[in-house]
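Below are structures written as structure tokens.
What follows is a pair of complexes built around chain A, which joins chain B in one and chain C in the other.
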Partner chain A sequence: MKHKTFFWFFLPTGLAMLLFIFLPIVSVISQSLHVPVDAVLVTVEECGPFGCKPSTTIDQEATQLLRDANPLGQWAGLEIYFDRSHLAVAEVGELWRNSESWGAFFNRLGNLPFYRAMAFTLTYTFVATPLLIIFGLMIALAVNTLSSWIKGLVIFFSLLPFIVTPLVGSLILFWMIDARGVVGSFIQWVFNDPTLSLKASTPLTWITLIVYGIWHSAPFAFVIFYAGLQTLPQDTLESAVIDGASRWQRIRYVVIPHLTPLVTFVALIQLMDNFRVFEPIVGFNAEAHATSLSWIIYNDLSGEQRLLTSAASTSVLTILCVAILLSPVLVRTWRDFNGKT
Partner chain B sequence: MKHLKIALLSGVAAFALASTAYADGHACDIGEGRVSIIGNEFPAIQTLGAGAAACASDSAEVTANLTKEHKNIQVPGMTNNPAEYTVAIISNGSIAPLMTDNLIRPLDDLIAAHAPDLPNQQKITLDGKVMAVAFMANAQHMVYRSDILAEAGLEAPKSYEDVLANAKVLREKGIMENPVGGAYSAGWGIGQEFNNMFIGHGGEFFKAGTAEANINNEKGVATLEMMKALSEYMNPDFLALNNNEISAEWKAGNVAMLQMWGSRTPALLDPEGSVEGVAENTALTGPMMVGDSGTPATTLWWDGWTIASNVSDADAEASFKAMMASIDPSILEQEGVNEQAVWLIEGYEPTNLSEGVFQTIKSGATPYPTLPYIGLLHTALGAELPDFMQGKESAEQTLADVEAAYTAAAKEAGFLQ
Partner chain C sequence: MSETAVSQAQSRSFILNIVIWIFVAFWLILAAFPFIWTLWGSFKVELDFFSLQDWTNALFGPQTQAVHGSPFTGEGYHGAWVQEEFWRAVLNTSIVCFCVVCISLTFGTLGGYALSRSGFRYTFWLLMIALIFRAMPPITLVSGYLQPFFAWNVWGILPTSIIVLVAINQPFTLWMLHSFFTKIPMDLDESAKVDGCTQFQAFRYVIIPVMWPGVITTGLFSFLLAYNDFAVTAMLLAKENQTMVPKIAGFLGTTQTEGNVMFAVAAVVSATAPLFVLVLFFQRQIVSGLTAGAVKG
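Right after this comes the complex of A and B.
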């Protein structure tokens, strides 16, 4: 393509990206570097239905003068990135000096909100993503062998978990896994332990969330792989049969290599999606046991008092983490591209 | 089906009654202007919304957005000039963010011009300026199953020490395994239970006159130990059960002693949706004492309305008139309205549903603080307490974590240097 043609072809997309991706990110970064001005506090008398008492409030006039002088807020630089709610540089340094072993260090690192969230987010991402790819492939291979009259129905039902809104799906499961719910009672019966509760223990909550994540996203992998299976080269398959390849050998040496680009695609999308895990934590009321970076942003924005700078810093950190997470795949794509030209 | 029909018909009848009441020349001429209300969603507030909406005319537009998400919408919706919402229905727990950002206006001039007789008990004044008009009171108090306690020969509890003793007996006699309930869900719920228990132990949240947290002390430790002791007698999932879910547990007959919001007791006393024998034997009593401070372990709440500062004088005036009409004493004559809440409006007749809240007011309970930084401490408590409740760390460590998390947030928000 000529450079000029490419320019005009790309211009609308480029403008949209500038407007809806680049500028918001600039705004988020700018927000993360500024904090509200210091509030001027005064003690006044407060009265209501239950009597009068002294109370502290904000001196609006004095604070407004400060706000007018600093319309963006007070410059904070990277201070918020390094405070206890985020990277906690000072706290981690102290832990490092005072911990005798690696185990003690990591154990106490989990006490800091950012690292606690990272521990669950990374575990969730790296356990759920490969498993959902494997399950998706297995379902696709199984459905592909069905006779055509039942295929449509099976595909529809296999897709249901993906169609259900994540929040609604997790809310329904929240009651099913209750100690008195269908699934909860069944698990108690299987393990013969009437006090077993999935919601009361941290490891079991993590497992529940990961199983939910796989259940929800495996249909996505399934649909992609199923589409890929329709383009399988029949000649190669037939010659493999003639050469005496077993079903497993055909899958291993013909089907999987054919689907590799799709596996990369599903892995890319699901790594990003799973890193932003959020709805199941809210739906399962699981914040006592598991938090994620997205949940921290939500918590900062939905508290009684909004913490915009804190939410912005966590957003920037999320973007950086996703970039790091995807870098191996992106580097590979870049190499492939260079190799071809 | 028959029930549904009756419910529908009575709803229509109530609506017809309500509309005739307003049509009957009940003073509701608000002149010209725009009235737009944001608020929580429960029956008493819906009554206000309907009352204000009845004031709409060709020259005055009245809309109401009553939603559980009100706290997340109200600040952004009142920040622009002119503001999307002219009225916010708030409580003493949610007024602070509006005050912090200077989003609500003093009402003294409007009261002088249009409602000179407004009783003082409804005025929320700060530094001599009326910032909100209260219309109802609310509080968390004890609810218990009279039949279960009687079966074990126990008295209604008066303190959390009684609750623990009763729970022990109920478990030992095999009557109920987990008889204690509470909205201990991680987040706002458990933070609120800490606030109650800390006040009950005579604690002060902040060092006097500053925004410095003051909870990492003996009172804080005693608070956490009592919460932990109670949780031993709760459903093991207690950190995942909020007000809605624990109410469902109550109606299923799985709980015998529960601290619950007064505004939610009508639902607990309603046989509809309850296991047989639960609603009939649900009894209300005041708040629990704890330790020897003499202050009950609960907080008093008021619900009220405020007017946005970023709206024109005409809109503010129309909004004020519409809201005054919506809390006119005549609304109590409408079917069922008197029972909806503990109204602070003149002419309100207390009912058996309001017993718990009245006992709380009489018991000398303290109001939930309206300090601008209390919300940050509440959020920090909600995020850090689950570690202690799960036995992962000591009370002192958890309280130190809460103070550290609060300090980071308060520094960011400009309350601490």
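Right after this comes the complex of A and C.
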């Protein structure tokens, strides 16, 4: 295909991505380096019947002039990144010098909003991902042994938690685990503690969110692994049986190696997707106990005063984290492509 | 001997069979029960669905019986759809999803086709950039949208959200359609070009008739992305233009008054129903779409 033809074919999609993905990234980076121009304040002496006192007012004209002169806002450099609600460099340094033990250091680090969100985001990502892969693999192995009419049924119901809108899915579970909901009452009955509530403590909230994450994404792993099992080399399996391999040995030495590329694929996709965890926190109303990077951005933007600068800095930090997570995928794709040509 | 040994080793012991059945049943309950329970409970009053005394109240609905004279009531649905005007949100969602799917498939097929038929180095870089864009959480872009949209006075209306969702959709659509078009043999459009067609005519008359299976699969996933989006639509739509998901989130803010929780429950069931139908009819396409990425990746 000639360059010119390619250009015209690619123009609509290229333009959409340029205008609504690339330029916003540039804009986010630029916003994160500027703060809104401060209003110009004038102090005048106001004299009334009870004496004179100084009063401060905003000089609208001068403020407007200043704002027009700096449409982007005032240059702040990396100041926003280092302030208390982001990387909190000064506070972390302080903690580092004053904490006697690692435990105390991490404990107090968790009070800073950015690190608090980071702690949950990373825990969620790195606990939910391996668990959902194992669970998905178990479902795939179990379903693969069943007769075919029931397979379709299982796949149908399995797709529901994965397809359902994340906010809706988390709400459905949230209502069930409510102290007055069916699962909530059941748990109270099991532990014989009528005051037990999954929403009240931080560890229980984290566990609930991780269980939701597994419930939501295990079907994805299941479908992928199930498809992989259909292409299992029968000859290898049979020779393993003849050599006297037990069921577990066959799974360990034939099935798992066959599925390894798929496990890597699922792991990479799920690491990226779990890192953006956001809707469950809104759905489970869990922000008192667990926040994530995406949630911080949402919270900054949805308040009365839209804190664009603060949200932009968190966005840039989030993008950097995603880039680190993504780097193995990029390297792999790069290697694949160079291997092909 | 080997035949019998193989069949013996492959036939499972009775206990293992039981364990497998229990496990599958456990997963089925885990996957389906929440939906069935919420559907059932959405026809009850709040005191039954969230019952302090006895969980069986949600099953038989004595309070609902007392208030409405029947164990089932459409009160929640009436409240959500009529009183809170959920139908408006449903209408908005339909418009947004329809436009997003149509536009992103048009853009995506053209782009994906071009990427699959051009052998130059830059196609690789374009795909890599698309992959990076795909990995970025959409909410990180929102603070970049707000300022210009306020400045141009386009914030809050449906077309803005549609075009933003189309753009966010593009990287995924491109990857999927690219891998799909690579599977259509190149000889097909090459021979059309030898017969004197331009590239576009070859695309129009030779490729379009055979591309529908891949386009439908991709369209399903575009639809899901637009339908399930919360981060972008919640931030970019004004209150009167809200789609379903932000509207449901809005219900949650006003849970204090009695009955309002049931509005949210009814709205949640209403929002799940189309997805249920979608899985019912397009299960095969969804599964093939999911696995296409895996085989490729």
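Quick note on the criterion: the second predicted complex is superposed on the first by the 282 of 341 C-alpha atoms of A that agree within 3 Å, B and C clash if a C-alpha of one lies under 4 Å from a C-alpha of the other, contacts with A are read in each partner's own complex, and residues count from 1 in each chain.
In the analysis below, a residue touches a chain if its C-beta (ideal position, glycine included) is under 8 Å from a C-beta of that chain, and two chains touch if they have at least 3 such contacts.
Remember, it's a predicted structure, so these values are computed and weren't measured experimentally.
Using the contact criterion defined above for the overlaid structures, shared-chain residue A:Asp178 touches chain B and also reaches chain C. In the superposition on chain A, A:Val255 contacts neither chain B nor chain C. By the touch criterion defined above, A:Val241 lies against chain C but remains apart from chain B after alignment on the C-alpha atoms of chain A.
When the two structures are aligned on the shared chain, A:Glu45 is found in touch with chain B, with no touch to chain C. After overlaying the two complexes on the shared chain, residue contacts for A:Ile80 are found with chain B alone; chain C is out of touch. Looking at the shared chain after the overlay, A:Phe9 reaches chain C, while chain B stays out of its contact range. Legend: residue contacts after superposition of the two complexes on their common chain; A:Phe284 is shown touching chain B, with no touch to chain C. Contacts of A:Thr333 after superposition: chain C is touched, whereas chain B is not reached.
Comparing chain B with chain C, the partner in contact with more residues of chain A is C. Using the contact criterion defined above for the overlaid structures, shared-chain residue A:Ala221 touches neither chain B nor chain C, since it reaches no partner. Within chain A, the residues touching chain B in one complex and chain C in the other are 178, 285, 301-302, 306.
Considering their complex, residues 2, 5-6, 9-10, 12, 16, 20, 23-24, 27-28, 30-32, 34-35, 37-38, 41, 49-52, 55, 58, 106-108, 110-111, 113-115, 117-120, 124, 126, 128-133, 135-137, 139-148, 163-164, 166-168, 170-171, 173-174, 199-200, 203, 224, 227-228, 230-231, 234-235, 245, 248-249, 252, 261, 264-265, 268, 271-272, 275-276, 278-280, 283, 286-287, 290-291, 293-295, 297 of chain C touch chain A.
Across the complex, chain A is touched by residues 71-72, 75, 92-94, 96-97, 99-100, 102, 120-128, 134, 137, 185-187, 209, 211, 235-237, 239-242, 245, 300, 302, 344, 361, 366-367, 369-376, 378-379, 383, 386-387, 389-390, 393, 397, 401, 404-405, 407-409, 411-415, 417 of chain B. Of all the residues in chain A, the ones that touch chain C in their complex are 1-3, 5-6, 9-10, 12-14, 16-17, 19-21, 23-28, 31, 138-139, 142-143, 145-146, 150, 152, 154-161, 163-168, 171-173, 175-176, 178, 180-182, 185-186, 215, 219-220, 223-224, 227-228, 238, 241-242, 247, 262, 265-266, 268-269, 272, 275-276, 278-279, 282, 285, 294, 297-298, 300-302, 306, 308, 311-312, 315-316, 318-319, 322-323, 325-326, 329-330, 333-334, 337. Contact residues of chain A toward chain B in the complex are 35-39, 41-50, 55-58, 60, 63-64, 74, 76, 80, 83-85, 91, 111, 113, 174, 178-179, 195, 197, 199-200, 202, 284-289, 299, 301-307, 309-310.
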